[in-house]
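Two complexes come next, and they have one chain in common, chain A, joined by chain B in the first and chain C in the second.
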Partner chain A sequence: MSDSVPGTTPLITIRGLQTHFFTQRGVAKVLDGLNFEIASGRVTGLVGESGSGKSVTAFSIMRLMRAPGRIVAGKIEFQGVNLLQLTEREMAKVRGEKISMIFQQPRASLNPVFTVKDTLLRVLRIHKGLSARKAQRAALEVLARVGLPDPAVVLNRYPHQLSGGMCQRVMIALAISCGSKLLLADEPTTALDVTVQFQIIELLKELEDETGLTQLLITHDLGLVAELCSEVAVMYAGEIVEQAGVHALFDQPSHPYTRGLLQSRPKPGARGELQSIPGRVPDLLAPPSGCRFHPRCPLAQSRCAEESPVPEIVGEGHWVRCHFWRDLV
Partner chain B sequence: MAEPLTEGTTPVQVANRASGSEFWYLLRKNPVTLFGLIVVALLILMALFAPLLAPYDPYATDPRISLQPPSQEHLFGTGIWGEDIFSRILYGARQDLAIAFGAVAVALVIGCLLGAVAGYWEGFFGEAIMRVVELLQAFPAFILALAIAGALGPSFRNLIIAIAFTNVPIYAHLMRVSILSNKRSQYAMAAIASGNPHWRVLFRHLLPNSLGPIFIQSTLQPGYAILTAAGLSFIGLGVRLPEPEWGLMVAMGSSRIISGEWWVSLFPGLFIIIAVMGFNLIGDGLQDIFDPHRN
Partner chain C sequence: MSNVLEIRGLTKHYPVGGAFARSLLHAADDVSLSIAPGETVGLVGESGSGKSTVGRCILRLEEPTSGEILLNGESVVAATSSRLRVMRANMQMVFQDPYDSLNPRIKVGELVAEPLWLSGIMSRKEADRKVAEVFDLVHLPTDTPLRYAHQLSGGQQQRVGIARALATNPDLVVLDEPTSALDVSVQAQIINLLEEIRQRLSPAYLFISHDLSVVSNLSDRVAVMYLGQIVEVGPTDTIFELPGHPYTRGLISAAPVEHPAQQKERLTLLGEPTSPVDPKPGCRLASRCPFVEPKCREGELPLQEITPGHSVRCRRYVEEHVDGVWDPEPTR
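Right, the complex of A and B next:
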């Protein structure tokens, strides 16, 4: 495949995934034939504007889509199994045990009526069948593992008694407690203040280095991507428009959208107005024909409105979905 | 220096109040609610200690002292067969409170279960449940209770069933809406994402978080239940003689008001009013206390 990452095997292979939203105004084809791979043992970044379908991708992998959203077609292959064909009961065994997820609002992710102990021990008992005593020991270990200073105290706390950063650490503890292979992190640091963001990033990095935990980092923060990821996929209006190693992407952005994203970052020492990409994310109830980016694209020509571009190889492990990417380079 | 310091310490004390004492604090600021609580507490005590408080046997009759006005021996007077109305009112509190709490408890359990399931599994299953619930709601509550009590026959147990049925839709709707909003919360997503089975997410995660409105509704509901119970007994479809029940007692005396024996109906009627009012005051007050928009 054109989009495979050199030197690795994909842990998750998504083919032709269609997740549609059945709204009263019509069907929004948010993901309409998504192809995507997450390389094993790496941290892959998934970047894009709000509403580009990043979270929908993660929720689809977890099969957490709720009405009006529904997975219509496609294949999500994980360790040789198509997740979309599992029964709900089999899927429950995958969630939390093989694939975990952490969310944007750490405190809102923890049930306010349960202590950390209630939440964490339950998950350990569901997946590992541990006795209460063993589960408690495992819980203390994993809380220490995510860098919580006083695990025995934290264990008996309610979410409202913990800071946002501590809550996110608890969520990460929950996510890795049962030996997950893949962590889906949906904007894990967006709601945290900068110093805490940094600590959480350090923790995720450690997890990659020490246990080889595969991660999908969903974010719109390119700084975070540069810090943490080795692979990046850029998403626009439900399609991956460019995927590359992190250096290749920053050195040689080949899609006009990627380039626009990189240029709209504030640079230290730079003065004047920030550059932005003109226009806004298209209405997915009526997406633009051809290349979905063409109405906002500086390179757009008549061909772009007619013909949807296919992935073209830029370099090793680097591909782009644009008719005129060569004009940019 | 001392004065600004003491001023500054007050808010700290306020902030440190435990949630239990905060409840009492709010209650003190809501004297009406407190009054309602006291009224209901007194009624419950009255029901519990009826055998100790009642001067006479509530079932005893004595034709020689029939229809005597209130006096020192018979505080609220006597009825048609010479029964002591005060004693019967005390015992009547047992009947009416038991019916009210029983009916509300049954309605709460059934209504919450139906609403929770209907809210969690939207789509055909949930819709089907709510259509059945709405069928119950299509009738005025009293008419529905009347029909059910009429069909089942007059008895203490059937009265509870009839009143419970009329209360089920309220709880089902409240619970469904609560679950609908809570299940889209991130902690519900996170609970599923960490592998909890759906029944567990519903009953252990969502249900406890959805009980707030149910709690307030449950303080209002016994008042209405007493009203319905008394109404049904009044027209002969509830508790039957010789059981002491307030509605029934009002009915017994209703034909006597015109001939001047007002006390037979008045005193049980007063207690119905007091009980209904007590429950309503609690419910209204709690609504204010738990309202996040209050000052």
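Right, the complex of A and C next:
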């Protein structure tokens, strides 16, 4: 396959995934035949702006899409099983024990009427079948593991008594407490303060180094990708337009959108005009014909409006979906 | 030339807790800052640092507890409400969430024109002409004034917000996180627009943001706030090349690398910002600072000038630096 990562096996293989939104104004085909793989033991970045479909991809993997969104077709293969064919009961088990997800607003993801202890012990007892005493010990261990300074105190707190960074650590503790194989992290640091953001990144790095936890980092911030990821997929208007190893992506961005994203980042301590991408993200109720980026693209020619580009190989493990990527290099 | 804005000892405390448990949230403590005509000053801090409170006090959207704010030499704090209305034409604000700050029921052209003729600055006809002029200035299509806010993209809404702020030709524009709600590619468009406006009309900007990189792109000088206090202020280059305060160093260090191959020296601040309610004496960063010594927890710490225009509120830095360089060993 053109999009497999050299030297790895995929933990998740997505083929032809279609997740559509059925709205009053029409059907938005947000994901319309997505092919994507998450390499085992790596941190893969899924980068895009709002409305690119990056969160929809994660919610589809978890099968947590809510109306008006619905998975219409496709295959999501995880450890040899197509997740889309599991019963709701089987899927609930996968969510608890195999795949976990953390979100942008950590406090909003924790039930406010339960203490950390209630939530964490419940998860450990249901999914790992531990006795109350063993669950408590495991809970203290995992809270210490995610760098919470005083686990015994945190255990008896309610979410509103914890800071945003602490809530995110508790979420990560929940995610790893039952030995998940895959962590889907949807903008996990966006709502946090800068200095705290960095601490959470460090924690996710450690989890990769020490336990080989496979992660999908969903973000709009290429800086986080540079910090944490070894693989990157760039998403635009529901399609992955480029995928590469992180060094290749930063050294040789081959899609005009990727290049635009890299150039529009302000650099600390540097002044002067920024390169920006003209226009705005398209409305997926009426996506542009051909290449979805062509109305904003500096390289666009008439062919781009007519013909949707197919993935072309740039280098090992690096492909791009653009007719004229060679003109950019 | 005198300063457009002069803030002296601005303090804003909010009472918190019940009627009997009197505590004070120190949103801003003894903040002094000046902005010269046409200058851009960045005000950086994390949530709860008080940076927005300072911005809101300048326009008297909040009443300061104490301190003085002078706009072109005239007191904002002492102004009567009728005088304040006139003065506000000279100081305008752009808000973080462009949609929330635009009335959804009024066409955006009307939204910008109304205050102009209502305040008697100009006639309705002149106001309409002014709208066309400022919308052109922010590069909005000519039919935009007839649209409603929800018909515009986030970037276009923020352009309307900027157009509204510029309509009265203010000497000072307070920008409160103007790009934080926008996508990366649109954020760059807005930053470029603000720079272009500065070159054409040269208003002074107070650019409030949590993002040091965004601020540095536009600012001549940067002030860093932590828990209600300015902990460092100086020319943008100095702040990045020779930051003095451990908090400034922590902020710069926490910014993600620009390239995966980049090796960055990291200074980690411990834990998270503490509460601004009834802060303890001494340095407010003491509980998080890797270089803390017992003396840091004593008395009041003044903001001390190191070189002309560069001031730092850190006792150890002030005492130990050599020509601005200070490389301490962590004390914990």
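Just so we're on the same page, the second predicted complex is superposed on the first by the 327 of 329 C-alpha atoms of A that agree within 3 Å, B and C clash if a C-alpha of one lies under 4 Å from a C-alpha of the other, contacts with A are read in each partner's own complex, and residues count from 1 in each chain.
In the analysis below, a contact is a pair of C-beta atoms (placed from the backbone, for glycine too) under 8 Å apart; a residue touches a chain by one contact, two chains touch by 3 or more.
All values derive from a computational prediction rather than experimental measurement.
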Determine, for the superposed model, which of the two partners chain B and chain C contacts more residues of chain A.
-> C
Go through the superposed model and pick first if A:90 touches only chain B, second if only chain C, both, or neither.
-> neither
Based on the superposed arrangement, let me know which partner A:150 touches: chain B (first), chain C (second), both, or neither?
-> neither
Partner chain in contact with A:112 - chain B first, chain C second, else both or neither = first
Touching partner for A:316 - first (chain B), second (chain C), both, neither | neither
Where on chain A do the contacts with chain B and the contacts with chain C coincide?
-> none
Seen from chain B, its contact residues with chain A in the complex are 122-123, 183-187, 189-198, 205, 208-209
The chain A residues in contact with chain C across the complex are 49-50, 149, 163-166, 193-199, 201-202, 220-227, 229, 246-247, 250, 260-261, 264-278, 280-281
Complex contact set, residues of chain C against chain A = 46-47, 153, 155, 183-189, 191-192, 195, 210-214, 216-218, 236-237, 239-241, 250-262, 266, 268-269, 271-273
Taking the complex as given, what residues does chain A use to touch chain B?
-> 62, 64, 66-67, 88-89, 92-97, 100-105, 108-114, 122-123, 126-127, 171, 174-175, 178
